[in-house]
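Per-chain residue numbering starts at 1, and chain names A, B, C and D are given in the order in which the chains are listed.
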Amino acid sequence: MKRKICVVVLNRANYGRIKSVLKAIKNHPQLELQLIVGASALLDRFGSVVDTIKKDGFEINETIYMIVEGENPTTMAKSTGLAILELSTIFSNLKPDIVITIADRFETMATAVAACYMNITIAHTQGGEVTGSIDECVRHAVTKLSHIHFPATKLAKERVIKMGEDPKKVFLTGCPSIDAIANIDLGMDDDFIKRNTKQGVGSEIDFRKPYFVVLQHPVTTEYGEGYKQVQETLSAIHELKLQTMWLWPNVDAGSDDISKCIRGFREVHHPDLIHFRKNFTVEDYAKLINNCACLIGNSSSGIREGSFLGVPVVNIGSRQKGRERGTNVADVWYNKDEIKNAILKQMKHGKYPKDTLYGDGHASEKIAEHLVKHKIEIQKKLFY
Amino acid sequence: MKRKICVVVLNRANYGRIKSVLKAIKNHPQLELQLIVGASALLDRFGSVVDTIKKDGFEINETIYMIVEGENPTTMAKSTGLAILELSTIFSNLKPDIVITIADRFETMATAVAACYMNITIAHTQGGEVTGSIDECVRHAVTKLSHIHFPATKLAKERVIKMGEDPKKVFLTGCPSIDAIANIDLGMDDDFIKRNTKQGVGSEIDFRKPYFVVLQHPVTTEYGEGYKQVQETLSAIHELKLQTMWLWPNVDAGSDDISKCIRGFREVHHPDLIHFRKNFTVEDYAKLINNCACLIGNSSSGIREGSFLGVPVVNIGSRQKGRERGTNVADVWYNKDEIKNAILKQMKHGKYPKDTLYGDGHASEKIAEHLVKHKIEIQKKLFY
Amino acid sequence: MKRKICVVVLNRANYGRIKSVLKAIKNHPQLELQLIVGASALLDRFGSVVDTIKKDGFEINETIYMIVEGENPTTMAKSTGLAILELSTIFSNLKPDIVITIADRFETMATAVAACYMNITIAHTQGGEVTGSIDECVRHAVTKLSHIHFPATKLAKERVIKMGEDPKKVFLTGCPSIDAIANIDLGMDDDFIKRNTKQGVGSEIDFRKPYFVVLQHPVTTEYGEGYKQVQETLSAIHELKLQTMWLWPNVDAGSDDISKCIRGFREVHHPDLIHFRKNFTVEDYAKLINNCACLIGNSSSGIREGSFLGVPVVNIGSRQKGRERGTNVADVWYNKDEIKNAILKQMKHGKYPKDTLYGDGHASEKIAEHLVKHKIEIQKKLFY
Amino acid sequence: MKRKICVVVLNRANYGRIKSVLKAIKNHPQLELQLIVGASALLDRFGSVVDTIKKDGFEINETIYMIVEGENPTTMAKSTGLAILELSTIFSNLKPDIVITIADRFETMATAVAACYMNITIAHTQGGEVTGSIDECVRHAVTKLSHIHFPATKLAKERVIKMGEDPKKVFLTGCPSIDAIANIDLGMDDDFIKRNTKQGVGSEIDFRKPYFVVLQHPVTTEYGEGYKQVQETLSAIHELKLQTMWLWPNVDAGSDDISKCIRGFREVHHPDLIHFRKNFTVEDYAKLINNCACLIGNSSSGIREGSFLGVPVVNIGSRQKGRERGTNVADVWYNKDEIKNAILKQMKHGKYPKDTLYGDGHASEKIAEHLVKHKIEIQKKLFY
């Protein structure tokens, strides 16, 4: 009998980070994929990732709405609670052998808590990394609830073991997000341009000319600061007068503040060079950043996929604090001038050499093998 | 302005482990106590701990029902989700500065998840201990979500630090449960007897003569085994023909199986020497075990309060596996004869000397001081 | 394409009232049955109706836990809320054309609210009847949310129309519960006796000799009175010294009080002639009451199935106040002597003639036909 | 002791319809006001009504987030379920004597279901009216759950009684929304202009010159049609080339479609004469429509407050179908030309005479008196 592997995809970042694993599971003769899609991955406001998933050929077992609106710390907690309520019903009906939970978000936590109380083995990707925001403590808590670990880097693996996990259950596989971009042509092409024209709002981007990409999420532990933080970035970009593809932030507490700031800026300054989008497909996002003059903001993609692709990145503020990074990343604080100067330096430098810090493109096949062979043991034990 | 300290008490064990801290907070001029009582602490089936709390003079800010009935792994997860939904509303209305969460239960997890996403500082007691059951991984996950740690033992403190917590935020205070029993007369007396006669079901206990106490909870990670496990204990006790005070198990997954086994046994064997009770006050429970011939089962109270009081304990199965223990504990497996023999040995041995492994009776005052002085910092960071 | 008919069965009474419809749908070439089982129908404490449903050969699409423990007015509301949360996810995944909701319970309300907001056509059975308890207002509110009505009696049909429903959507079908008992041999036989021996607790019943059946539920609008109410019944039965099959009450607010009273009575009086059971199959319950000397309590089965079978019934208190009844029912108040006298009179009278007030045994086939042919219109309109 | 009256305000329309009652309760010596604010009334996207409520001097007992994001039929059901979960905890802690629920929305339903199961007396305003959308059946279902009725019109009162409510508990008070506007100066003035300049997005309105007001909500029972429906209105307004104050729609299923259509229209047509706002205070909204050239859309305010103020209204589509209306309302279908023609006719006609169909401005004092004197009886009974 095939092992049933349940993957819970609850936002656009999740999907990019796990798509290659979904494929590997789907194609493996000894594994059966159970796919749950929910939360912001269902919402139009975040680009309806669910449609992309269907287009990519995956069959979805269940969809669940679970975001309590408000985008503040209270509703983040409530969404987590609601997700646990929903996921437990679904797990009890699907009866998976292993549940995969991704990285460090509230959806990740909900998945881990539900599966853990239900005596279902949990496999966790991206454990052992270090950052700022609420993600930092959630990531490590999820490690403590998980039974199998697929860290992306050597140092992350060491940290997972240091935290008391059994070394025999911690596997350095690299990050599956690299798989998705390692073996495809990431040059700018007409198809990309066709697909990505007349999407989003604001004036169109000419992808044949230099452009910036901006993606700045709220930092939940600095809730209330988002408005001011993103205003610095907006002003910097506006003054640099280069065409810019700006992605709306994720659903975390404080997202509303950032959106409000952007909308206000649009009303007042009519920034004709900035185009706003909700979402790209995984591959198009890779192309987008691979060909940009500079990626600005605080998305982990600058550090993770960015290092592999050698994208010049300006990373702003505390959200990625402590995360291992390649030479492609310049760190600055929430300050217009710092941001501007760093961008100018990065433009001057141009592309960086490829760095396999976060993986060499073979993570998903390794993960699938472990999912097949791993001996299931529910009772965890601090390993000291 | 006083610091608002919110304590969430969601079952009878929680209450015994935190009562002395509640008092210390209530009496501290710089602290304000916010008390939330819910879950099985509200249920008659578990002895309505809420009534005891009121009798003890504590004012309750909010009560919340949150147990989804079923007593299986699915409903344990659902109860956790529901608890997070409820607690987040309450926290957003009470606005505490610090939330205290206790030990390792699903209620503990819910409290930690809600507070953590709401950027509220979390203080955790009993971190760093090692056991079996789901409690093991929940306890360490809660450590990773918490900002201040009050471990009970030296080794527990070391483990919390090893897991990557900042040593400056880990305080060896001892367990507050010891405070509650360190300074009171625990001899058997007429008042105790009066208070505890005609409570529960089954024939009455003569507390002046030797008696056993039994408390055996389900082991969630061995869900489905509870019926057989407790039958061994029931048979052993029945054959030893000594009067016995048997406490009903807690609300964890599998509790139903244990209750069913007990009820079936009662219908068939009419065990005239066994009395069944739902709950004792904190102090009466201490007297009860302090004067018993042997405490049998898998409750941590045998190890924790038991070591301080020198109670002869027969600890059954995997639930307490790995927990530090004094010489008073004899470990056996789920096996009638093993259990019987161990009990007979413990009866022969009688009381053990006092052991302060889990504290010397001054935990709560130390905890209160830390709660006053601790510098609040929301952003956590893996400390390696 | 077949019409997808979703039936939500959430307790033992629901099941008896809809089983014949489940069969009719399952067997109809133009209908596809979607079956959801949850709430107390999953709980061992209420006899695990889910197992009976499986044994009866129905395939269950989803199971859901949704009872918030406490059995008080607050948890009854919470269970309703939780049920709506759960059912909406399930409906959105199953996409039924019509949802059937049964009678007047909080599960009924939850089903109706979820389906109604989701623009799913709702068919309601047992609308238009009049009773006491919370059921009274819930039943009529569900009528106002439903699109197709299958009342059981002529008067009920008239009331549904009076309340403003479109007469073309109100169909007098009789109650499906009568179908289940109309065409089977309901004489006492060895198989019944074999199946129903060594079930439940208390001394065995000799089904060849006269016996009582008691089923007394809480009256939610008289919450807090249940203990006293059932004590009168217990005393009456105890004094009559006839063997008695007593069924535990349902999950409504106040159920706990009744159970507590029964358990207390058992501990003190050791009523050797009373046997306690959680549940019977639909057919065995019909046999049980068909052959009893008297059915006592406040279950609607005395009035509904009882009138068809001619069972002598003593109906206690306000729960069935206003419900149409045959001559087989004697009404009394919560009073030991009134109860005793009424039972003695009913025993003297013996069986009553068959009365088809609640149906002639062909409800389910009529309902199935309407489900096939009914024109689906979501927008309701007060019909005056 | 004062009677505790709990009012649950969960969106901006609720607030305008109950504000005068809040005042009357607050000022009544025998009543104590308990105020709960939640759902979209907390959300910035809908104008943060909570801030207005605080500015108006009301003390809020509890706030609750309860909107599950998605704005589709599934999430509407889920929000209702979540609201019941939350409200039941709050009611159990606040212990009100009477709960007031307003009109016909999902929040209304949630309040009624929670209170009803908790044996709390429910007073309902705006029962007995007839409309389209899901509101139609929800309104009547809430009537069946409520104990006291405060209908706004004579016909509505008759309908409530026809549905089987006890005539002694149905009081024709008029609509409290009229109170709020009956006794204030509703002329355009500098203060209004000052307060309402530089709010919202799009070019500024000159309130001294003719302007339109548009407010078009989704029709939940026509889910999926909203985009096309509002496009007709947008085109009509765009072509009429008069400055327009456009309010964003409410949170009902389909709201997203409408917002998407509006945003798309803005991006393509840059409609310089249309200004977009989230919310007005109750009084400013009255001024806004009292001085407009025409009120267009499907808000009940055109019919209710509009008839009292004599505002020329063009009412589009099915949402208000069947609602009693004065001569000020011209009904049209979702069709650009119909809409344009009707607007032109209404502009030509100008203001209508005052009509007290929905009340004379004294509803709240009458309601407060009934709240004081009403005999509380929990058990309802169909009154035929």
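By definition in this document, a contact is a pair of C-beta atoms (placed from the backbone, for glycine too) under 8 Å apart; a residue touches a chain by one contact, two chains touch by 3 or more.
Bear in mind that the values here come from a model prediction, so they are computed numbers and not experimental data.
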Chain pair, B-D or A-D, that carries the greater number of C-beta contacts: A-D
Greatest separation from chain A - chain, by CA centre: C
Computed distance of Cα centres, chain D from chain A, in Å: 40
Euclidean distance of C-alpha centroids - chain B vs chain D, Å: 50
Shared interface positions of chain D, touching two or more other chains: 65, 74-75, 78, 82, 85-86, 89, 92
Pairwise touch network: line, ring, star, complete, or other: complete
Interface residues, chain B side, partner chain D - complex: 62-65, 82, 85-86, 89-90, 92-93
Chain D residues within the chain C interface of the complex: 73-78, 80-89, 91-92, 106, 109-110, 113-119, 130, 132-134, 136-138, 140-145, 159, 162-164, 220-221, 223, 253, 318, 322, 378-382, 384
Touch list for chain A against partner chain D, complex: 42-45, 65-70, 72, 74-75, 78, 82, 201, 256, 260, 263, 267
